[in-house]
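Labels A, B and C are assigned to the chains in the order they are written; within every chain, residues are numbered from 1.
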Amino acid sequence: MEADKGILKISELVMAFGGLMALYKPDFVIRQGTITAVIGPNGAGKTTLFNVITGFLTPNEGTIHFRDQSIINLKPHEIAGLGISRTFQTVEIFENMTVLENVMLGFHTKLRSSFISSGFQLPLTRRKEKEIKSKAMDILKFIGLSGKWNEPADSLPLGEQKVLEIGRALASDPALICLDEPAAGLNETESHLASSLIMAIKEKGVTVVLVEHDMKVVMDISDEVLVLNYGQKIAYGTPEEIKNDPKVIEAYLGDDGAYA
Amino acid sequence: MMLRISKYSIFFFALIIILFPRIASNISAIEHYPDIMIFAGIYCLITIGLSLLMGYAGQISLGHGAFYGIGAYISAILTTRFGWNPWSCMVIGAVITSIVAFVVGAPSLKLKGHYLAMATLAFGVIVFIIFNEEIEWTGGPDGMTGISGLTLFGFPLNTVERYYYFVWGIVLAVFIFTVNIIQSGSGRALRAIHSSEAAAMAMGVDVSRYKIMVFTYSAALASVAGSLYAHYLNFVNPSSFDIFFSIKLLIMIALGGMHYIWGAIIGAVIITFLNYEWLHYFEELEILVYGAILLIVTIFLPQGLAGIPAIVKHWFRRTLSDGSR
Amino acid sequence: MEQISIAGQLFQYLITGITVGSIYAMVAIGFNIIYDVTDIINFAQGEFVMLGGLTMVLFHVSFQIPIIIAFILTVMGVTLIGILVDRLAIRPIRQPSVLTLIIATIAVSFVIRGAAMFFWGKNPFDLPAFSGRNPITFYGAVIQPQYFWVVGFLIVVVIVLSIFFDKTITGKAMKACADNADAARLVGINVNQMIMLSFALSAGVGAVAGIIITPISLMEYDRGAMLAVKGFGAVILGGLGSFPGAIIGGLILGIIESLVAGLISSGYKDAFALVVLLCVLFFKPSGILGNIEISKIKRF
């Protein structure tokens, strides 16, 4: 089955900051076409894991294979070019651009732009630009922001900024998308919308990995859950299995049960 | 927000450029303005590049006076010592300056904020010292004379009017080229870098490549400006390329509004007139005035003069919507 | 004529280097005081030094005020200017991005330099040396008595600042702002006041540097820029934010410069110091003493 094929394989990964072990061999395989949630108490290494996968950090040891290709030591933009896209925990939209321009930037990997081709407005460049614009509008329709295409991105409320960031990440036509706390700071309606958006992304055939504290979102939408604590994998399985795993309960209660 | 630049405004801009000397020549008080406008045009070439570098990509440079100087000195040295054709000097100057910008820019642009500012400042000072010290080549503090003028298709650019049209023709071409960059994928990438390097990288933008590209492009423009300056004045000396000049460039784009490409033109023209005309008789106040302008703009008009229409528009909209309630 | 031995000559360069380096160290300390509290690199730091020298000339030479009183008045005056810089130029900025703050402090440096040129003109001014100008000859090196004052004042400044930051409540509060401004605000520290104080202190240290160097190298309106760049070089050499680093960085830079001036070319001494600065920035931006972790944590 196609769905059983691992799209991202991580093994023997070690990431240390000085004496602090942020990640210690959390081996796992992400299956294609699934939604995998990464959970764990604060400081468990979730965002660090994302930063390592997307090339923002270079691990001390270990391997990461994306579609059977090693992506260790690649730069973030190269990894993005291979088809891994991401969002950020602290919303990182381009506040100096319009909503549409934000999504258009997402197409950057599809654009071979240089100062020369842009400066002379070569016909190919113009055609590409038109094409990207209409595709970006399609994405805005998909995420429900087409009515605000010409507004400054920083004028949007936080919920819509997060959705916009997801839309921008989708623009590069990724095979794998990493969402860092897509529901954080959202009210119930907004987080419900975010959940259905993530489901819709899965329907498109994009593999989703997300870090999330909102357990309702996690349990509702994920196919697999990876639990980290102190940089180590303590559990991996379906939401049902995780819910009843004594090690998981202990990890959360040990952290004052803050997120249980 | 970056306003789209319409074809009409560029056409209007071209019209002003064409008509200005005709109008000025009929009014005795401003008869000599086209001469000043030649210098303004030369500075515009630098500020257009700097605006792209600082306003759009968010990378500060306090050393662009050095690139301007390298262009000027290469033109000066190659024409006077080796008798080379001025056009080839200009091209060679731009190429060499680009190489220098690449070599200096690659490590510098890894630095951020204050570090980048200081690195470019230090580079500017070093180049200035070299101009002063390498007397065998540059003539030292006294500078060099006898730099040949330009001839275009056997047509010597030896009058103010001719040189004016020549310089501003180049400015117009560079302006359109740069506007095209801004309004394309490359321009978006630069603005993305300004806003969030992390997000830009995550979206596949090769951040260091773009930074080096825009740095090199702006340096090459400064070099061409330097050559134009040298071939017009037929004389160069180091004092035109000191740190004070680099800061003046900063004042030009801050006053004009560095987030708007028009700001580069507006700022360069105003500061040039201040420099050559209005402040001419108050030399002892010069630095104070420049400092005060920069400070006032930074505090009260962070978007610069080119940002005023947007502020007015915003203010109108707010007043109107308040009134309708 | 007596032949000067090579060792004596080197010793001479070393002494001169330490003297100049002490001034760079004090400029560097000034940078660090403001940077620690505000994350701002004050490009007008050199202007405080220039103002210190010229104001001292005004009080002591023009007004004939006795040296100690003139000294105190000068330091107080420049400190006041430092406070004004914070109040009038830094605090009113509504969007304090790094770029804006750099531009603002550059603007301040121009305003101060321009005002100084208007007031004092372009000529350099001399100040009588504190203990006369009869040099001491020591192992073949000629040492001006003022050199001792310079090094002595560096030591005094360092001791006073250490006591201030380690023993007094205000000093500790400033350090707290440096570590975490938000947390400091939560425990009731008035961060704005601490920022103002950092500008005041830094201007005061600059003024002292300006006063003690003027008898050796004279002072004119446009000396600030180069002093600032060199002082920043010392900061970077020693690692941004580090006080011991500032002193060591300043001394190293001073000695390198003096050796280059003596042995290679006096015209290139400034350029050489800046090449050192660039090399450190390019290859080890955390400074020769600093560690990388700290430079990564500090937001830049």
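Methods note: a residue touches a chain if its C-beta (ideal position, glycine included) is under 8 Å from a C-beta of that chain, and two chains touch if they have at least 3 such contacts.
Keep in mind that this is a model prediction, so the values were computed, not measured.
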Give the chains in contact with both chain A and chain B, ordered by label. none
Please name the chain that ends up farthest from chain A once chain centres are defined by their CA atoms averaged. C
Using CA atoms only, can you tell me which chain is the most central one in this structure? B
Centroid of chain A to centroid of chain B, CA atoms only: how many Å? 41
Roughly how many whole angstrom separate the Cα centroids of chain A and chain C? 47
Chain B and chain C, separation of their C-alpha mean positions in angstrom: 32
Per the touch rule above, chain C residues touching chain B in the complex are 41, 43, 89, 92-95, 98-100, 102-104, 106-115, 117-118, 121, 225-226, 229, 232-233, 236, 265, 267-268, 270-271, 274-275, 277-278, 281-282, 285, 300
Under the touch definition given earlier, write down the residues of chain B that touch chain A in their complex. 1-2, 177-178, 180-181, 184-189, 191-192, 194-196, 198-207, 213-214, 217, 259
Any idea which chain B residues touch chain C in the complex? 54, 58, 60, 62, 107-108, 111-115, 117-119, 121-123, 125-126, 129-130, 132-133, 243, 247, 250, 254, 284-292, 294-295, 298-299, 302
Under the touch definition given earlier, write down the residues of chain A that touch chain B in their complex. 54-56, 75-77, 80-81, 85-86, 88, 92-98, 101, 104-109, 111, 113-115, 118-121, 125, 128-129, 132, 152, 168-169, 171-172
